[in-house]
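Next come the structures, one after another.
Two complexes follow with subunit A in common, the first pairing it with subunit B and the second with subunit C.
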Partner chain A sequence: MKQMKDKRYAPELSPQDVQSIRETVGSASLKLMSESIDKMKAMPNRAQGMAYFDEAANLFSKRQDEIQAHKDAGGRVIGTFCTFVPVELIYAAGAIPVRLDSGIYHTVDIGEEILPNEVCPVVKSSLGTKIVQSSPYFELCDATISPSTCDAKTKLGEILEDYLPVWMIDLPRGRDTAQSKGFWVAEVFELKKRIEKFCGQKISRKSLKSAIELVSQAQKAFCRLHDARKASMPVIMGRDAMLAIQALFNDDIERWTRKTEELCNELDEHIAMKRKGYDAEMPRMMLAGSPIIWPNWKVPNIVEEAGAIIVCDELCSGVRGLYDPVRVDEWTMDDMLTAVAERYLLPSTCPCFTPNDNRANRLLQMVEDFKVQGVIYHILRGCHTYSIEFMRIKRVLERSNIPIHRIETDYSQEDTGQIKTRIQAFLEMVKESII
Partner chain B sequence: MTASQLRLTIQFTCLVLINAGLFGVAAIGMSFLPSGLAIPGLACHYFKHGVVDCFMYPLEYYLAGGWESWKYLVMVTVLVAIMSIVFGRLFCGWACPLGFIQDLISYARKYLHIAYLKLAPAINDLLTFRFRYAVLILLVLVVSISSIPFISAEWRRNLDLPLCQVCPGKPLWLLLQGGLQILPPKAALDFSKLSLVMLGIFLAGAFSIRRFWCRFCPMGGLASLFKGVRMVSITKDTQKCTKCGLCARSCPVGVTEVYEQDEGGEVTSSRCVQCFHCIQMCPEEGCLKADFVGQTIYKSRAWWQRASALPEKGLE
Partner chain C sequence: MLTGADSAESAEKVMDETLSKAGLLLGSIEYIVSTGYGRLLVPFANRNITEISCHAKGINSLFSLARTILDMGGQDCKAIRCDEGGKVTNFAMNDKCAAGAGRSMEVMARLLEVPLEDMGERSLQTVERPSTISTTCVVFAKSEVISLLHSGVHKNDIIAGLCDALSHRVLALLKRVGVEKEFAIAGGIAKNIGVVQRLEEKLGLRAHIAFEPQIVGALGAALFAKELLEKSIKCGVDN
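Coming up: the complex of A and B.
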């Protein structure tokens, strides 16, 4: 009872209420997930390697039993938010990282009980998911690491302290200055000690090295997948690639790497044989802006069902999270930790940083590499930093004659029809400009 | 073969072939400069069979000779200028025997998994900009003084070849050659006590700080004076750059310009030793390039496409 009194934010819900909401949310999101999967399966010539990821995409699948078994054996599970948590440290301490950013529609309302209207649906949904315990992965977490990125995410960490241990890692918003770098590296060194203490396991030079190699192998597989999307005759739909990438949020990293390599082998074969591809006439789109997290497949579904293909994205839920490697110059503890720390801070193009000149460069380079013909700039309502940077990105892209279209939406499905009309019109315009 | 392996091989080859006189160019070296002097390059005069000197030795030698040797002084200066313009500081990264020794010491340190000391940027700037040129100017001043005719013979002997009096290379090479019995033991001991102290500083410095000596080496300073006109340069494609900071972190002499410069194009710094380690470490395809008169001689590759996506164990 005393504990309940100490809660600072958490609403008082009886276990029965939680139970019943969880069931409703669970069945609704299961339905939503299988609908999206069916839509993706309906595309012809789909790579067979996707079957594994269709299974993995089920957030209530048997992966939770594996994690439970790891916990039963005395292992720890640590939740992460955003793309700034050095998962290498978590793996090195023998723990499992799970990314907790949520794309579940039906918990947004629950998050709204605590959070004001202006907050973005990712944060609302993530919090709501915890309140009604509807994400098995969140429930399995022993602690969570919450980087202070945007305002909503920063406060989310504070609110979640009502439920489980939360470690804030303080992200310098300046990024490019020497002071910022020094501060962040020190923060990661500190995090290492915390993780060691929590997991009861020292992070040794060897364990960190093998963790870096483990994650690097996964990133290497990701880079192959990323590269396969450059093919002028598309071999994989954007939604499929996004789904595969996001499976790593909670999947076993070694198995994920293996399965992704298998998928890439299949795709490379398609590219080499010039067969089984998708229509090369489809407009090549890039997704930019706020994260699109499974099962929030609203925008990708609309774009690809309207006859376009998403060839790349710069989303923190997608490419950005896995693109930049940890490259170690000297395998000393000091250098490895610095390499890990810098990898998460310096190349990030998250708009919570100022100045953020890299982002425009990164987009332009991707436009070039992937022969992008149009950019869909997705903004989740309440996601101010992306919303603000839209003007700048628009200017940069228009200077290179790349049309860009701004879509502002949230986790409700009411605006689906309206967005569909607008995207169709935009695609028409893109198609005309190609000819 | 990675760039660091290639570099190590070339450094070793240079040490053996040039300095041990196995190159057939001994005759060229002797032919047009008198008094047994060799071509100025980044090698050492005190190798028994050496055919290449360092930049400083012939300059010091002829500068001390006063007016009588002006012709040779001009000749050597022109040679130094040509060398610096054509090869830039490739000498430092790829041929200099002192650089080679420092790299070997770094490898030993890496093998022991001991972290190197990171110099604060302010201190590194002081070393690589101010201190380096202060040393260079001081050397020229000392040599000029020693060339004044009415200075006593004893003074002149003490001031003669001032860099060699303090350079750790002289005792290092003489001791090595003495140890290998290439030189008679008497000659092996012919170096100043001060230079022995400098050798200690050099070895300790190289163990804790990567390319410690190169940060203020006056020869590097001399070669860097031709930075604006030299033929070897490092260029950066800003659009491809992800600002991951790897170039700055991996640079053995603490160059930050490659990372910081946002306009792209040429990013070579005057303190860069042109070892191209940044290009090897850069994870982006074609982001960093080494150019020789506009021709790309080496460029960065996408990290995941390399034979080994992970940097090799123990290598730079």
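Coming up: the complex of A and C.
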């Protein structure tokens, strides 16, 4: 442990302070999670398969004991941010990845002690969580990988070095040129070496191949869940699907895949038997923009409580993380690594890239596939890249007569009433008639 | 009547007062639509509809040609576009800050010790020239106004500056949805001639102003209630 004088950013807090804040944050977060779970449970005809994910999404659940046992047996745990960390490499080295982007409200203030006001709440909350050690998963991490996406995330990695080993992976700003691709592939090759050294385990051709397959099984299960949301008679609320997807942030990937398959079997049965699921009259909404991370269910709760259904999203906390598969031509080490690297870079529509022309096309395609009637564009205050691209996305959608409404907010509750009004008015507008 | 801390209680009070003035009983009202911030908390409402839809409906019944509506109340400010039937086709609303809302005028009126209803008129009677109020935040603008007062600037010039700044911000909101020629203003701000005139100048348009601009939303809600009642009678649904 470094001495305090070596710390570049970390605030000086006594262990007693940390403990007392951690306790307050912990109980507030538990309350926040259970309030949202109760709301979701209250929806009629909820799939029974959701019960597993209600528990798995609990940020203080028993899963931490499993990870601890893995560590006790000499295994490593590696944290990730954003959707650019090739988790296949982590699995291939016998380590466990956990995603550390935070949706906890009560650590924003703590992050704010170090970060300027204009920084987004995801970064403030993630840092705050580390400062007061309030996330068991973060505490279990031996190191974390921090991709240089937006400015705030880039500097977050630097700040976190006060607490644990952080490996930056440098993302090119461009994405579509041969140089960018070459640069990124080289980063991933380097990362492989670092992970091997840190875990004390070589990544073999065999272990990488099985890791790619492991992740691809999870992606297949995810795609089934994604497709089930296309049904014209909805069978799963958007919040349920989002919760299930985000449970993978911490969950055991094999079990998650199995449980997601089970959930999909149940949903497919509902679709096949034309069992009355939810009201087919609910306006079909898409969420776009800044990440919405459990338990920050503020906007999804408001949207679905106002009588709409979220049928899809383009969020990096949701669909974007799992949609695109790794495409391997030859199962050689170099080919596999290149294919893994490409899967994270090329299909990404993260607005930290420029140009980012594919994003609007992807949104339009999703609007068509999911019969979306309106798009809610969520901007977290301080999230400049999504905020900037709003204008462009709005133009494209409006040209196709798709209504879009922009909501700019953060992790505080003071604007809940105003957002309710705006969302309800947007739904009244999207519906053919209010009467 | 101001909403106050308890929406349900103020709704009951308004209803009692209105019923006694009209000589009616609550039971004789067949359908009630609530609107506005407290719409979800009105105990006797059959249905709630947002003030955005209700304003479009209300303005449409008063000025059938109007296609762009500005509604500025105490809490917030909305720019609304609607079609010939009064249905909302687009809208924009200020984000969670009071700077672009009527509340800022109230705060400043109190600070300057000028009655709220005189603010508009006095803003048109500048003594030297309108002050420039550069701060957006109401809290900071208050200190800006105080320092102007201290340096001896005439109140009217300060008020002119405030009305300028407010109409400028409203204009930006209106531009987000686009302004059509037939333009109407509702909400408390319609009573502030200083803001209205400046806005008209900036837009190069004459605005339609409702006779009672603060109850346009209620009018819209009543019209929705009428249609909902007619529909329920037609469909044989018992209310």
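Simple rule for what comes next: the second predicted complex is superposed on the first by the 429 of 435 C-alpha atoms of A that agree within 3 Å, B and C clash if a C-alpha of one lies under 4 Å from a C-alpha of the other, contacts with A are read in each partner's own complex, and residues count from 1 in each chain.
We adopt the following convention: contacts are C-beta pairs under 8 Å (C-beta built on N, C-alpha and C of every residue); 3 or more make two chains touch, one makes a residue touch a chain.
Everything quoted here is computed from the prediction, not taken from an experiment.
Novice: Quick one: name whichever of subunit B and subunit C touches more residues of subunit A.
Specialist: Of subunit B and subunit C, the partner in contact with more residues of subunit A is B.
Novice: Counting only touches as set out at the top, which of subunit B and subunit C does A:Arg22 meet: first, second, both, neither?
Specialist: neither
Novice: So in the superposed three-chain picture, is A:His270 touching just subunit B, just subunit C, both, or none of them (first/second/both/neither)?
Specialist: A:His270: touches no partner chain.
Novice: Determine, under the contact definition given at the top, whether A:Arg229 touches first (subunit B), second (subunit C), both, or neither.
Specialist: neither
Novice: Now for A:His106: first (subunit B), second (subunit C), both, or neither, which partner does it touch?
Specialist: neither
Novice: Have a look at where A:Lys155 lands relative to subunit B and subunit C in the superposition and call it first, second, both or neither.
Specialist: neither
Novice: Check whether A:Asp415 is in contact with subunit B, with subunit C, with both or with neither, and answer first, second, both or neither.
Specialist: It touches subunit C, and subunit B stays clear.
Novice: What does subunit C use to touch subunit A in their complex?
Specialist: Those in contact with subunit A are residues 37, 40, 49-53, 75-76, 87-91, 93, 95-96, 224, 227-228, 231.
Novice: Quick check on the complex: what are the subunit B residues that touch subunit A?
Specialist: Its residues touching subunit A are 110, 113-116, 121, 238-246, 249-250, 262, 281, 283, 302-305, 309-311, 313-314, 316.
Novice: Quick check: in the complex, which residue numbers of subunit A touch subunit C?
Specialist: 403, 408-409, 414-415, 417-418, 420-422, 424-426, 428-429, 433-435
Novice: Could you pull out which subunit A residues touch subunit B in their complex?
Specialist: 176, 178, 181, 205, 212-213, 216-217, 219-220, 223-224, 324-325, 327-335, 338-339, 342-343, 346-347, 357-358, 361-362, 364-365, 368
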